[in-house]
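Each structure below appears as structure tokens.
You will see two complexes here that share chain A, one where it goes with chain B and one where it goes with chain C.
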Partner chain A sequence: MIETHDRTETPRGHIPGEPGLWVLIFGDLLVFGVLFVTYAVSLVNDADAMRLSQEKLGRGLGLANTILLLTSSWFIAHAVIAARRGAPGVRRLIFAAIALGTAFVAVKIVEWGGHIGSGDTLNSSSFFTFYFMYTGIHLLHVLIGLGVLCWTATQCDSRGAWTGSFAVLEGSAVFWHLVDLLWVMIFALLYLLRHGGAA
Partner chain B sequence: MTWVSKRLTVSWLVLVTVSILSFESSLFGSKAAGAIVIAIGLLKAWIVGSEFMEIRCAPLIMRAIFLSWLLIVGGALLSVVYLLGS
Partner chain C sequence: MKQAGSRQGALRLCVFAGPLWGTLFFIALWPLMHIFPPYSPTWSAAEVATHVRDNQTGFLVGGILLMTAAAIVWPFITVILLFLKKIEGRLPIWTTVTALVFTFGQFTVFMCGLAFTMAAFRPEASNEMIRAWSDLGMFLLVIPAIPGTTQYLATGAVILQDSRAKPILPRWYGYLNLWVGILSAPGAVVGLFKVGPFAWNGIAAFWIPAVVFGVWITATQIILLGAIKRNALADEQP
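So, the complex of A and B:
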């Protein structure tokens, strides 16, 4: 049975997860903000060469990965809601988020394998240096996030209801959403943003 | 029973829809198309932060930091595309 509801589960002024986690979250956002602007400057200053390499990207794979992570975020957000209600099935929702995150990694491996097989590596061009560096740092976040989610899945009872600390589940979910947030920016900038003339 | 949040589901639908819509708009390569791609990326980041990360319910200081990040990064990206570009 599926029931929809609009009532917010979060009281005003609530900090999801441990407050200290947000220092890491905002620090990560600051670092990636600098990386994004650095990339944009290179894209504009070396438009022709960057575009030639950028055209080799599989934009469809980027879109697929975007939808995988967004859907994974939806599941982990619902795991938090279910845990707050004391409902069973939290573990099932966490597993769904893990499965979609793993699919993201699989798509990324296929994508990287294709580029490396075609001779486009970390050192082959400015664009691919940015591409492998940024998607590599992001992939590291994905793997850390998946590890954390696997650990949270062990904190459920036999009915799949949450038995651990709410701050731990909320913090794990917030980190997973950060992975999603960073990816939507990487997708926009590396896969979609063109500069100078029709691509 | 499975609980489905209408608000989160609508957010997810908007995120997926604008991702698909922004897919082809990127091909034009003009400054305007670039600005649209950046704006859509920031809009998606804002929805993920506000709704999924629950920053919209967080204390004012956290909402202010997040909004500042969006405005500063967005402003810098748009400035680079418009001012540095040929």
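So, the complex of A and C:
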């Protein structure tokens, strides 16, 4: 791989990762936008039934997951900064991001298990269909993201300094931030936002 | 070089099997069978049977078009595979995976045409029998999202591993394939729902995959024609 970037300075008009990656990022955001609007319409049209189910969601677990992913994103951002400086310890930061991402998956499994245990499944109400499907599609993104991060972790030398293409690390970080951004939207819409009906 | 020129013409011709496939598919579903957009999964057996009986000829001719589409798409798929193989070189693992899943996916298109043919073949059959075959047709229409996911991810993986200074196929197209692959996955759940966004006529399981697929097949034609123009198959970069 040819190193095209100066490690200390980001060139003017620099596109993080590579331009093509943004087809995936914006494409995904666009589709999630459609999904969120679909949910919002349902929330307004079916306010009472939706709220009844929505109140069963534990905001604590949702918040825990938000913090886990945001912190994970913070670590990967610092991995990019460290790699830009050519510093060692990039791998440690990537591992920290992976660990927090894995914890997110664990919390999600506990949360799902709780709902399924108390009888709220994929098909039991309109809200739980949205809940399981949206968090499920998001979880698919998390798993892909974790796979990508594991792959980047293999591209460090014995000191843990970054040896691969800079665009690869930056692109992986951009994808991980996307996963984070989508989760914040899901948390806000599914866990926090409640439509009061007449309000 | 003259030889290469005439091969470019043949390749270009092959690419047009793609839009032809799409056209046949769309004619079958829309003006012939009137199932674009799809009927609701909540329809009673009598409603579905009435729809099929009212459009009997449309269903039978549409069935033929779907099966024909599955039979004539291969030159288009072959051109895609030639470029993927060019990228992968000696050990075309993911090209082979793509080829196998393509084959599997077109089999479902063929079976879809056959299921709709079965639904309309004997209009005197019971309502339940007609609905069962028609439902199978609807499933075969949307469920190829399952193998499709593997196919798009494999194609994306091939394109993104191209380390040539000037890639054989553009990298954004590789990412586009990953996008299509990830977003096809929700189509897998149509069996679980009769209403809502994930039912077979819903936004998430039908409209998003349909639009995304439309973007994919259009982009594929454009990048294939571009790569043929550059004569990328004869590219000798290491």
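Criterion: the second predicted complex is superposed on the first by the 184 of 199 C-alpha atoms of A that agree within 3 Å, B and C clash if a C-alpha of one lies under 4 Å from a C-alpha of the other, contacts with A are read in each partner's own complex, and residues count from 1 in each chain.
Throughout what follows, contacts are C-beta pairs under 8 Å (C-beta built on N, C-alpha and C of every residue); 3 or more make two chains touch, one makes a residue touch a chain.
Here the structure is a predicted model, which means the values were calculated and not measured.
Judged by the touch definition given at the top, the superposed model places A:28 against chain C, while chain B stays out of reach. If you count the residues of chain A touched by chain B and by chain C, you find the higher number for B. In the superposition on chain A, A:85 makes contact with chain B only, not with chain C.
By the document's definition of touching, of the two partners only chain C reaches A:140; chain B does not. Put simply, chain A uses residues 1-2, 22 to touch chain B in one complex and chain C in the other.
In the complex of the two chains, the chain A residues touching chain B come out as 1-6, 8-16, 22, 26, 29-30, 33, 36-37, 40-41, 44-45, 47, 51, 59, 63, 66-67, 70-71, 73-74, 77-78, 81-82, 85, 87, 89, 173-174, 177-178, 180-181, 184-185, 187-189, 191-199. Interface residues of chain C, counted against chain A in their complex, comprise 163, 165, 170-176, 178-179, 182-183, 185-186, 189, 192-193, 196-198, 203-204, 208, 212. Touching chain A in their complex are the following residues of chain B: 1-9, 12, 15-16, 19-20, 22-23, 25-29, 33-34, 37-38, 40-42, 44-45, 48-49, 51-54, 57-59, 62, 65-66, 69, 72-73, 76-77, 80-81, 84-86. In the complex of the two chains, the chain A residues touching chain C come out as 1-2, 18-24, 27-28, 31, 34-35, 38, 122-123, 126, 129-130, 133, 137, 140-141, 144.
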